[in-house]
Amino acid sequence: MEAVRTNEIMAVAGARELRDGETVVVGLGLPQVACMLARRTHAPGLTSLLEIGVVNSNPIDTPVGLADSRIFHGATCWSGFLDILGMNLHRGVVDVGFLGSLEIDRHGNINTTLLKDEITPGQSKVKYFNGSAGGNDVASLAKRVIVIMRHEKRKLPAAVSHITSPGYVGGKSRADLGLRGGGPHRIITDMAVLGFHAETREAMIVSVHPGIRVEQVRENTGFPLIAAENIPETPLPTPEDLRLLREEIDPKRVYLG
Amino acid sequence: MANKLKSAAAVVRTIPDGAHIALGGFAIARNVITVAHELIRQNRQELTLSQCVMGLDTDLLVGAGCVNRLMVGGGSLDRFGLVQCVNRARETGEVESLDYTSLSICFSYLAGALGISFIPIKSMIASEVLERLERGGGAEYIRRMDCPFTGEPYVLLRAIQPDVSLVHVQVADEQGNCQIHGPRWENEEQAKAAHRIILIAEEIVPTSVFQAHPARTIIPAHRVEAVIHQPYGAHPTSVYSCYDYDSEHLKLYVERARTREGANQYIDEFIRGTRDHAEYLEKVGGAAMLEKLKADPVLGY
Amino acid sequence: MEAVRTNEIMAVAGARELRDGETVVVGLGLPQVACMLARRTHAPGLTSLLEIGVVNSNPIDTPVGLADSRIFHGATCWSGFLDILGMNLHRGVVDVGFLGSLEIDRHGNINTTLLKDEITPGQSKVKYFNGSAGGNDVASLAKRVIVIMRHEKRKLPAAVSHITSPGYVGGKSRADLGLRGGGPHRIITDMAVLGFHAETREAMIVSVHPGIRVEQVRENTGFPLIAAENIPETPLPTPEDLRLLREEIDPKRVYLG
Amino acid sequence: MANKLKSAAAVVRTIPDGAHIALGGFAIARNVITVAHELIRQNRQELTLSQCVMGLDTDLLVGAGCVNRLMVGGGSLDRFGLVQCVNRARETGEVESLDYTSLSICFSYLAGALGISFIPIKSMIASEVLERLERGGGAEYIRRMDCPFTGEPYVLLRAIQPDVSLVHVQVADEQGNCQIHGPRWENEEQAKAAHRIILIAEEIVPTSVFQAHPARTIIPAHRVEAVIHQPYGAHPTSVYSCYDYDSEHLKLYVERARTREGANQYIDEFIRGTRDHAEYLEKVGGAAMLEKLKADPVLGY
């Protein structure tokens, strides 16, 4: 069998964060792949929601995005933003929000809006990206938030350029911030799985992927990363995980690379 | 009831400069391309556009210089790229962008549709999305308040009632009853919030179709002002159950829109350089292209 | 042809209050009959809404009430309260609210909730009826309100036992009351058509039905009824009105008596 | 996903005394008779019931002494008469009745469904409906406020989130996906506001039916706790596309319910005197009666 790819480790790590019977709002790409894998393995009773109004879609062709008709296929319900983000997420019945991000910082604040390039000191040029869409809503309201993204120093700064979606802003508790959702729970990268310290609410290493050293993770992170004494290794995908990912879920390797 | 069929050109003549237009598209799906093109051809100016998630329609209108204000939740062309004209205009400040979130725009439309002038929400709190709105032009649309029953802190959103809402639908009758196939994102709340609703329909069917399936009617005729019958009216974006997005053309657009000059060239060539949607469709590939994009009747794409 | 019945005069008077192109929220019974007559005569572009979520229904069998499936027939849209009373009525696009009533008073206040029987002076027994349902919403929010009911002294008191749905409460303007809708416009009874004085906002006679004297109307009204010098007669139904009512709209005379 | 089929008796055993139950019926249509009967058989006490427009289900529960509080917009049995048990209990004060309007109950459910703890409305102002609520038990659900954007006076409604919502639907699958045929009154907002949703379904179909028509799914499975499969479960009220109301039985009920004694007799004979809905259906006429009420497949009634 072909060697395990990093994206496959990430998808499997994401899937393992989801429990059977939970309701998940997913973004497109690896979050969607992870969710589909979970449903085909340990969590057949998982419900996946897409913000535009698609429940439990079951695509047979790989979609290029949330607006791609391929992702409407096999759904059990079509509705809209008001139902998914309002009557589910804002209502408080969404267990997990599963997002991508441009930047995420030590307190789990997410930026998907803009980056600032320091051209000359004190003078910054702003470059805009996608903005929030449902990201802020999901990060504010889901019981726990999982972010999946590349591990690069510039993508994991001490503080994001723009807090599009709040984590534990300023290290404060979610209640103190006036937010209902439980906040960031995991950051799944191509090097490690990060969590958050219960008291300081700072990002910490939960596991490192096979072949990666803790020092490497730290070197590629823009802030000092807490870690316990003995960091476990992220479990490898099982042969069945790989078969499902490669043959059923993303045979064209659109997301798995 | 009256026959409300009109041409895109006739409809756009009734939309004045400075109007607030809500667009029913999402990223690369069901964009109101027909009317966006015609707004550009007729050189409409100083428009406010609102939408949960911007797509190609908004990017074209901003790129053509028709817009001076956005009220949006986000925007992208999915995997094809960013809304580059919009982002450039935000970076230069040419366009004032009130950047909300998907749900807060949707709640603002809902309030508008229900005729309540405000609605509370628990999104945006503790974020720079909220701070930037409060600091800028969003100040008149945002307040904070504690719930008088629970004491919980809320953001209050001012209702949005656009002057015109444009919705691209699969099926309508001449009176304006319509069906939307696939997910409906914010189409219903957005349209019902607006003072005027304009439909662009792929297909016109008899009213008896709606009487046979009344539960599927998303917007009933009495709310609708005009219906534009335009097959392939959302090209190059997709319309579920009718046709797929045109990858080649979207790639061409994204490539051109990297620079202001390229975007202008695109707009001159494909929009200002064509008289109407029929001529545009000929230019981008005509019947052969349309046939290729046509949806599989079972899969819907 | 059979003699014209009072209910037919009422239905026709109701229909003539509706203009082509208007949107009307109708209660069941004579309001519905009047609306159907208007659509078949001078107002083919009228839109009728039922609060439970039925647009432009076109029954072929006479329904016994708003919850009778017969009234769902031939509709162009089925939705619910939120759409009809929220996204139409509260949104401000309903021109006419067409209601029945238990009592209505000189300022057009409507009671559909309860009556008080004075058993011994100072001691009253309360008898409950249907309550508001959509009545208060319609009376508060429609641009103009038309009430259709029997003309009896006890049903037209100086002040209703309970203001379920506000008219010009205390003779105040609708703006002063904080209400959006335009308020009561017509009361159509089996004796007369009443309107409201533009300044005093008191009920006044607009027309009396053929064969009825102004004095009779006054004697059967629980408050002094203003009337102009020359009160016109309510126009009789045309032969075509009668044909439509008797043959097409209510052939079983469920509502026309 | 789990099979959620349960008997009415098993479901009712999970509903405690004192629960707030929202009922999905309207006057004489789609009443949740199966579960109302079982709540009476199991002698549930001190329930709060809420509903836009009360029908037979509420009248039975109040008549049987199960209820101590109502939150309702109105109520009737259409042309068959008034909700006599409810009215008697209001007159004697046995039941506390918070009398709203249809839209204000619907808005309160909508707020509950959206998870916002309050929502503004322009109904009820200047009426005794509002004054009576503010004077009585409604005080905790009502505030007044001027819009911070427009200055317009509003009533603020507290969100209603019932413990349990019961909805009678035509079609469901074993997981809880469901369709409602005909108008939906407040069913969607009411159900989605509740902490627990229980469906009573005339027919159980495979999930593939929902996957073939996903736009028709009103409540998706993940929100639903249990599905009770009970054909003719709304008798003697009607279920569009399945069966008509039973005029004879409704007349019998209205005649009996004129007096407290008559109502008790009805409840003893038809509800407490039967073991379950099957026995009740036998008692009220059995197969011959059901066949007579069966809907014409074209007309739906």
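Labels for the chains are A, B, C and D, by order of writing; each one numbers its residues from 1.
In the analysis below, contacts are C-beta pairs under 8 Å (C-beta built on N, C-alpha and C of every residue); 3 or more make two chains touch, one makes a residue touch a chain.
This is a predicted model, so every value here is computed, not measured.
If each chain is reduced to the centroid of its CA atoms, subunit A and subunit D end up 41 Å from each other. We define each chain's centre as the mean of its Cα atoms; on that basis subunit A and subunit C are separated by 58 Å. Contact of a single residue of subunit D with at least two other chains is seen at positions 107, 114-116, 121-122, 152, 182, 184, 215. Within subunit C, the positions touching two or more other chains are listed as 54, 72, 78-79, 82, 86, 90, 180. In terms of which chains touch, the assembly is arranged in some other way, matching none of the line, ring, star or all-to-all patterns.
Across the whole structure, chains are in contact as follows: A-B, A-D, B-C, B-D, C-D. Within the complex formed with subunit B, the residues of subunit A that make contact are 28, 50-54, 60-61, 64-70, 72-73, 78-82, 85-86, 89-90, 112-113, 125-137, 140-141, 162-166, 169, 177-180.
Residues 26-29, 52-53, 55, 72-76, 78-80, 82, 86-87, 90-91, 99-104, 106-107, 110, 121-129, 152-153, 182-189, 237-238, 240, 244-245, 295, 299-301 of subunit B touch subunit A in their complex.
Residues of subunit A touching subunit D in their complex: 23, 44-45, 47, 54-56, 58, 72, 74-79, 82, 86-88, 90-93, 180. Of all residues in subunit B, only 107, 114-122, 140-141, 143, 145, 147-150, 152, 154, 156, 158-159, 180-182, 184, 215-216 touch subunit D in the complex they form.
On subunit D, the positions that touch subunit A within their shared complex are 1-2, 113-116, 177, 192, 207, 210-211, 214-215, 217, 220-223.
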